[in-house]
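So that we are looking at the same thing, I have put the structure below in structure tokens.
Letters are used for the chains, namely A, B and C, taken in the order the chains are written, and counting of residues starts over at 1 for each.
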Amino acid sequence: MATAAAPLLEVRGLCKRFGGLVALDRVSFQVREGEIRGLIGPNGAGKSTLFKNIAGFYRPGAGEILLAGRPISGRPPYEIAGLGVVRTFQETTLFQELSVMRNLEAGCHLHASSGLFRALLGLDRERLERQRQAAGRILDFVGLRERRAQLASELPLGSQRALALGIALLAKPRLLLLDEPFAGMNPAETAHMMELTRKVRRSGITIVLVEHNMKAVMGLCDFVTVLNFGRLLAEGTPESVRRDPAVLEAYLGSAAGGTERASC
Amino acid sequence: MELVLQSIANALVQSGFFSLWAVGLVLIFGVMGIINFAHGEMVMVGAYTVWLLYAGQGLPFPLALLAAALIVCLLGLCMERFLFQPFRENPLGGLINSIGLLFILQVLAVQIGGLGLMKHVPPAFPGTLELPFEVRIPVQRAVALVVSLGLLAAVGWLLTWTRLGWALRAVSMDREAAALQGISVRRIGMFAMGLGAALAGTAGALMAPLVRVEPYMGHAVIITAFIVAIVGGIGSIRGAVLAAVLYAFFHTFVTTYYSGTLATMLGLFIMLLVLVIKPTGLMGSRLRE
Amino acid sequence: MNSASRRHGWWLAAAVLLPALAALPFFLPFHRQDFMIFLLLDVMLVVSYRLVTLSGEWSLIHMVLMGCGGYASALLSKRADLLVWLSIPLAALLTAAVALLLSFPLLRMRGFYFLIGSYAAGEAVRLAWKYFVYPFGGPKGLKLIPPLELQLPFLEQPLSFVEPIPFYLLLLVVTCVSLLLLYRLEHSRIGLTLHMVHWQPSLAEAVGVNSWRYRTLAFACGAFFAGLAGALFVHYLGSINPNQFAIGEMLYILVWVIIGGTRTFAGPVIGVVVLSVLNEIFRQYDEWRPAIYGLILLLSMRFLPDGLESLPGRLRGLWRRRVAAAQG
């Protein structure tokens, strides 16, 4: 990737407290356009909190978050999504009772939201058509065309995750935040999801992911940022981070298995 | 000056009632997370019991009071067992069930006592206490105040100092953690509901000689209980008592100098304001959900 | 294919049902005509209420919003001498505006807090009608509200909509148009977004939905149709008072909606029609009505938690199992 590119995401001195607990303590890092960045750390290191701050679900206590040089901290999630930062969720978040296609159509909000009167008078045909087209493109992209009429609840885990990713892609992100995209997956599903993630990057979307599955992180990410107890512990390429003594120590005793969840 | 002092005396009596109403509601919500819309009707059933047994059958008042507490307590236990427990996963289900019961109780009251007639319950303790500055308190009201204060003190003692109270507080803080501690959430739920219902029944019984006993008297009760519970911080007993005293003074003074309708209207505005600005209320520290 | 044929089915049903409904009052005695009128008003109430429930909130202010429409139209026509044909739509818009105003405090809350908050706000508004004798008429309310009239060229007297049959026909038209609009709204892009806001609020926000806006939209639109029903109602009855909109009446809406079921558009309509017809059949037990409603509510919560709308599916399942049992 081009090393001279301006940072798409910049986090500066971010702090977040819950009562007496310091969840994030002056965390700063940058993510360049086109990168796949891994965010790792033991349980309770503050990874999820960091995600929620970036996506606007939490209001940062102190510090700044900049998207392509523009401050976005403190805005509500839907505005941040409109600016191009879209997150996925740890628990696979879908409409289980709707079909795959309908799920994607629901995600088309930013493409096809229509006003009250247009909707009532049926003047939003062209928008709905655009919505269907966008949903159809994503359907192909995530490889769910054959399953489009199935209910989301009937899909295997890998396909459910792909669908959730598809919904996020429909919000036209510049920066995609993936919250444990490989949790609970078998090796085949993991490999498929890794391929899909690379494909997303190739389409020009920058990715930051929180993940416990080290194999996936090491195989996928250009750079890795390590958090521990809410502080930045290390940063660098997967190889350098793997050999970092501080990282090794932080992980000693605390298993880095894929089944655990960050508890913050 | 006399009017002010008299109003203070009236407000004191009112605060006893308001506290009893609200504490029952808060107990049930705090422990089980269910809003009992039929709470006002439980008070009504208590009042009707006194009307039937004391005014009708000539039973001594204290006995009728005890009967009211027991009957409403039993009603509360049945509600918990048949209407709330099966809907533990769906708090709205419990609420809707309590609405269904509310309708049934109102109609039963109409059928038993009729609609339009004013049900007169003679005071069990006639006479008036003459206090300085021409302040008068009917003995019945004074007794009501003393009994409510006694009950509230007893509940406070129960919650603070007994093992049962400790378990109840544990359940209201975190149901799952309490269950892991070996507390039977089911039994604590029954206990909270029984206690809350008994308080409501007693309040209704104490009120019976002082107000108009009629099938729809629960409406005023539930509005007041909601206002007090929300302002005090839903789930907090101490907050409820504090809010009950404040609101009783507010309500009594506005009623005396302006009108009762205005008093309730302003009370509702205050409640909305609290909901918007500080949904945890005066004393509540945490939000459910 | 399937949806097209289903759509044809709907049109066919409407083509049969509408003329039948329009002709019905001519064959009914006076009190039954009245019953049909109130039934249509209740249908408008529950269907507009359903729009609010779509966004995931259970409100207790809907009945008071209907009253807002009624009071607004009554005041506009009686005190401001506005033409009734204008005061009714204006009152509906005013009701939507009131809901918009109320949404600032109310929609900051969710779930249980919204329920209690909407109850408090509704009761406060109702007490305001009771307290302020001018302009609302205090506890006695307003009387002698001008009726809806239409001067037709071939009639000597203007056609008065205080008569049940003309009013019923007008109401039928308004109800049908309202239902159609609400149905469209639900099945539009907006309806899908509301579904999203209800069932996956975080996901909705994450993909750029301003959920507050959509909840406000649902609340205000629901209020519009409730206000419309209230405005029509007040010119038929000629009077209005605060007690008509007390919490007890609101609870009936809740009962209808819950017993009918909220998953489908038809659910609340089924609920209100079935219960109202039952109620009409057992008219001599009118004083028991709330209790019967209460009992039905308790039983349906226990045995039919998804409402009457789930009944056909359940019966089919039962039938299939019996057939399977008979075969195997």
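Everything that follows uses one rule, which is that contacts are C-beta pairs under 8 Å (C-beta built on N, C-alpha and C of every residue); 3 or more make two chains touch, one makes a residue touch a chain.
If you're wondering where the values come from, they're calculated on a predicted model, not measured in any experiment.
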Chain whose Cα centroid lies at the greatest distance from that of chain C: A
Per-chain Cα centre nearest the global Cα centre, belonging to chain: C
For chain B paired with chain C, centre-to-centre distance based on mean C-alpha positions, whole Å: 33
Approximate Å spacing (C-alpha centroids) for the pair chain A, chain B: 50
Cα-centroid distance, chain A relative to chain C, in whole angstrom: 42
Chain A-facing residues of chain C, complex: 181, 184-185, 188-190, 192-193, 195-196, 199-200, 202-211, 217, 221
Partner chain C, residues of chain B touching it in the complex: 35, 83, 86-87, 91-93, 95-97, 99-104, 106-108, 110-111, 219, 223, 226-227, 230, 259, 261-262, 264-265, 268-269, 271-272, 275-276, 279, 288-289
In the complex with chain C, residue positions of chain A that touch it: 55-57, 76-79, 81-82, 86-89, 93-95, 97, 102, 105-107, 109-110, 112-114, 116, 119-120, 122, 124, 127-128, 131, 167-168, 170-171
Touching residues (chain side chain C, partner chain B) in the complex: 58, 105, 108-113, 115-117, 119-121, 123-124, 127-128, 130-131, 246-247, 251, 254-255, 258, 287-291, 293-298, 301-302, 305
